[in-house]
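Both complexes below contain subunit A, partnered by subunit B and then by subunit C.
Presenting the complex of A and B:
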C-alpha cells in the first residue's frame, strides 16, 4: 500500500470517528466584522498565545522548583545559575505573565467600552470576569514562589487585605495562608494552587467562554449593530487567522527580546523573623489597588479606613461582574454613563499606578 | 636509546599522574585572607541578577535574537503576501464555504 493512498485512508478513518468536517465547515463559515474597533478582536487570541507560553515555561520551571522554605529560593537560584538557559525560561515566564494580564485588562476594558456584554452575551462577560480574577490570582500566587524577602513581605500585605472584609475576612486570610501567618505552608499551598487548581479552573471556564463566543459570534459595537448589513465581514479562516499570526509573531518577538534584556532578579532568601523591607510593592497590576488602600484615611466615622476601602472595592467588583444586568437596555444615555465610568476607571488606574511607582 | 625513551616516558607519566592527583588540591591552596574573602562572597548575595553564564552563551543568545527577528520579518512578509492573496480571492468570491 502506497503512503499517498494511506493518508486519505487515515483521514477518512479519523473523520468517521471525530467528525472534523463539521468543525472545518464551521471555521469556513465563521465571519469577523470589519470596523474601526476590529483591532480589539486580536487581544483574545493573543491572550491564548501567552497562556500557552505560560503553561510550557511553567512546566519547565516545575521540573527544578522545590516548594519548601529551605529549598524554594535556592532552587530558583539554581534555575538561574546552573540550569542551561534556565534564567531565560524564568524570564519568559515572568514577562509572559505580565503580557497576559495586560492583554486581559485591555480585552476587558475594550468590551466594556464597546459594550459587547449586552444581550445575549451576558454569560460571556461573566465568564470573562472569572477569567480575569483567575489570571490575577495566578500572578498573586506566583509572586510568592521565589521566596525572597520582597515576595514574602508583599504576600503578607496581600493576604492581610481580605481581613478587612466584614464577617468573613479573617477566615479568608486564614484560608489563603494556611494558618495565622505566612509560613512554609502558605508557600506549598500557593504552589499547589498555582500549578493545579488555577490551571484547571481556568481551562474549564475558558472552554465555556470560547464556546459562547463561537456560538454567539463576534459582537458589534453599539450603533453598528443597527446597521448590520452595512458592516463588512472577513472570513475567519484563513483571512483573519493570517492577520492574527502577524500579531502573534510581533508579540512573541517583543516578549523574547524583553526576557533577554530585562530578566527578573532574585532577592535574598526570605527570613520569617526579619522585619519587612522598605519599599514593598506588589506587581504593577496590583499597584492601583495598593495605592488606593494606602491613601485611604485610617478611620472614617465609625468604620476603619481599610474596611471601608476593601468593602468599596468589593462592591465595585460585584457591580463590574453584574454589568450586563445593570446596563441591559440599548439606551444611549445609560450607555454613555457606563462609557464615562470605564474611561474614568482607566484614568484612575493609570494615575494611581504612576503615583505608586514614583513614591 | 630504549632506556632513555623508557625513562622519558616514566617521567612524563609520573608527572601527569602527580599533577592530575594534586591539581585539584593545588587550587584550594589559598591564604586564610583569601579564604575569608571567598566565604564572604559566597554568603547569600543580596540579589541575583541573571545574565549569560559565559561569552559562548552570550554570543549564542545574541545570534538567536538576531535570527529570531529576521525569521519574524520574513514570516510577516510571507503572511502579508498570503493575506493579499486570500483577500483578493474573497473579493472575487472565488472561494466557496467548502474550499
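Presenting the complex of A and C:
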C-alpha cells in the first residue's frame, strides 16, 4: 500500500468496524432555525463548556486536595500558595461553577418563557430539571470542601433544611451528614459525592438529555412553529458550531479574566464548636432561598416557619418538574398565566437576592 | 399453556416466580447498602468535665464544651448557679453564641435571638434552646440529658 493511501485506508478500516457514517450524515443534515430567539440555543452548549472546565480543573484539584477534617483547609491553602499555578486552577474552578449555574438558570428560564417544553419535549424538560438539581448539588457539596467557617455554617443550614420534609426528612439529613451532626464524616462524604456520585449521575442524564434534543430537533418558539416553512435555517455543521465557538471564546475570556483578577479567598479553618460567624451568606444562587428562610416568621398557624417554607419549596419543585404536563395548551389563557408566573419568580428571586446583599 | 381450571398460564406463573426472586434478591442487596450509609449515633446521657476548668467563669458569661458531636454552652448566672444549653439553634442548626452585654443568645445565620434563659424571643427560631441539667459533684461537673438519672 502506498503512503498516500494510508489515511483513507485506515479510515475505511475503522468505518467498517464502527460504522460512524450514520452519525456524520446526521451532523451534516442537522439544521438550526434562525429567528429572534436563536440566542437561547447557545446557552446549552455553553453549559457544556463550563462543565468540561469543571471536570478538568476538578481532577487537577483532586491531585492535591485532602478531604479530612485535619487536612482539608490546609491542603487548599497549599494549593493557593505553594502548588505552581494552583491558585489559578482553584479560581477557575470557583468561577466556572458560578458561570455554569448562571447559564443553567438562563437556559431553563428561557425555555420556560419560550415554552420549548411542550409536546413532544416533556422528557427533555424533566431530564433538564434533574440536571438543574444535580448542578445545584454540585455547588452545595463543593462549597463545604474548603472547610472554612463560612462553608461549615452554610452546610449546617443546608443539610438541616430537608429535616422539615414530612416522614423522610430526618433520614435525608442523616444521609447527607453521615450522622446526626455535621462532622468530619460529612466533609469526606461530600467529597465522595462531589467527585463520584454527582458526575456519574450528571453524565448519565446528560446523555439522555442530549439524545432527546438530537432526536426531536430544535424547538421553535410558540407561534413560529405554525409557519415552519418560512423559518430560515442554518446548517449545524459548520456554520452554527463556528458561531458557538465564538461564544465559547468570549465566555472563557471573561471567565479567565475574573479568575485571575478576583480569586476566591479562603476563610479560617472551620471549628465544629465555634459559633456561626456573623454576616454569613451562601453562594449567590442560594441567596433568594437564604433570605426567604430569614424573613419567614418562626410560627405560622400551627407549623414552624421553616417547615412551611420547605414544604412550599418542595411543592414548587414538583410543579416545576411536571410543568410540561400542566401547561399542555400553551397558547391559551392557562399558558399565559404560567408565563406570568415565570416572570414573577424571576422578579422574586432578584428582589430577595438584592435584599440579602444590601443587608 | 393454561390448564383447564387454572387461574393463570404457566408463563405467568414462572414470570411472577422469577420476578419475585429478583425483587427479593435486589432488596437483600439494597439492605446492606442502606445500613452502611447511616452510621450509628447515640447521644450521650451525660458528660463529665473537670470542674476546675469552669470554676473561674465570670458570672454572666459562658464557656463552651462538647455535648457529643454538638457544641454546648455552660452559663454562670449572677447568683453563681449554672445553666447548660446545647448551643444549636432550633431554626436551622447553626451554632449560637452568647452576648454578655445584651444578655442574649444570638444565632448569626438567620438573625435568631434567645433570652438568657434560652427562650426564643426574636427572629425565626421556633423553640427555646435545649437545656441540659448541671450538677457539681466534688471535682467534677456533671452535665446530663433531661430525665436521665
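Just so it is clear, the second predicted complex is superposed on the first by the 354 of 359 C-alpha atoms of A that agree within 3 Å, B and C clash if a C-alpha of one lies under 4 Å from a C-alpha of the other, contacts with A are read in each partner's own complex, and residues count from 1 in each chain.
Operating definition for what follows: a residue touches a chain if its C-beta (ideal position, glycine included) is under 8 Å from a C-beta of that chain, and two chains touch if they have at least 3 such contacts.
Given the structure is predicted, the values throughout are model-derived calculations rather than measurements.
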item: First (subunit B), second (subunit C), both or neither touched by A:160; value: second
item: Subunit B versus subunit C as contact partner of A:280, first or second or both or neither; value: second
item: First (subunit B), second (subunit C), both or neither touched by A:292; value: neither
item: Which superposed partner A:185 touches (first subunit B, second subunit C, both, neither); value: second
item: Touched partner set for A:109, first subunit B, second subunit C, both or neither; value: neither
item: Contacts of A:45 with subunit B and subunit C, given as first, second, both or neither; value: neither
item: Touched partner set for A:268, first subunit B, second subunit C, both or neither; value: first
item: Which of subunit B and subunit C A:339 touches, first, second, both or neither; value: neither
item: Interface residues, subunit A side, partner subunit B - complex; value: 25, 28-29, 77, 80-81, 85, 87-88, 90-91, 234-235, 238-239, 242-243, 245-246, 249-250, 252-253, 256-257, 260, 263-269
item: In the complex with subunit A, residue positions of subunit B that touch it; value: 44-51, 53, 57, 61, 65, 68-69, 72, 75-76, 79-80, 82-83, 86-87, 90, 95, 97-99
item: Interfacial residue positions of subunit C with respect to subunit A in the complex; value: 37-39, 41, 43, 64, 66, 68-71, 87, 89, 91-97, 107-111, 120, 123-126
item: Footprint of subunit C on subunit A - complex, ascending; value: 153, 156-157, 159-161, 171, 174-175, 178-183, 185, 272-280, 290, 293-294, 296-299, 304-306
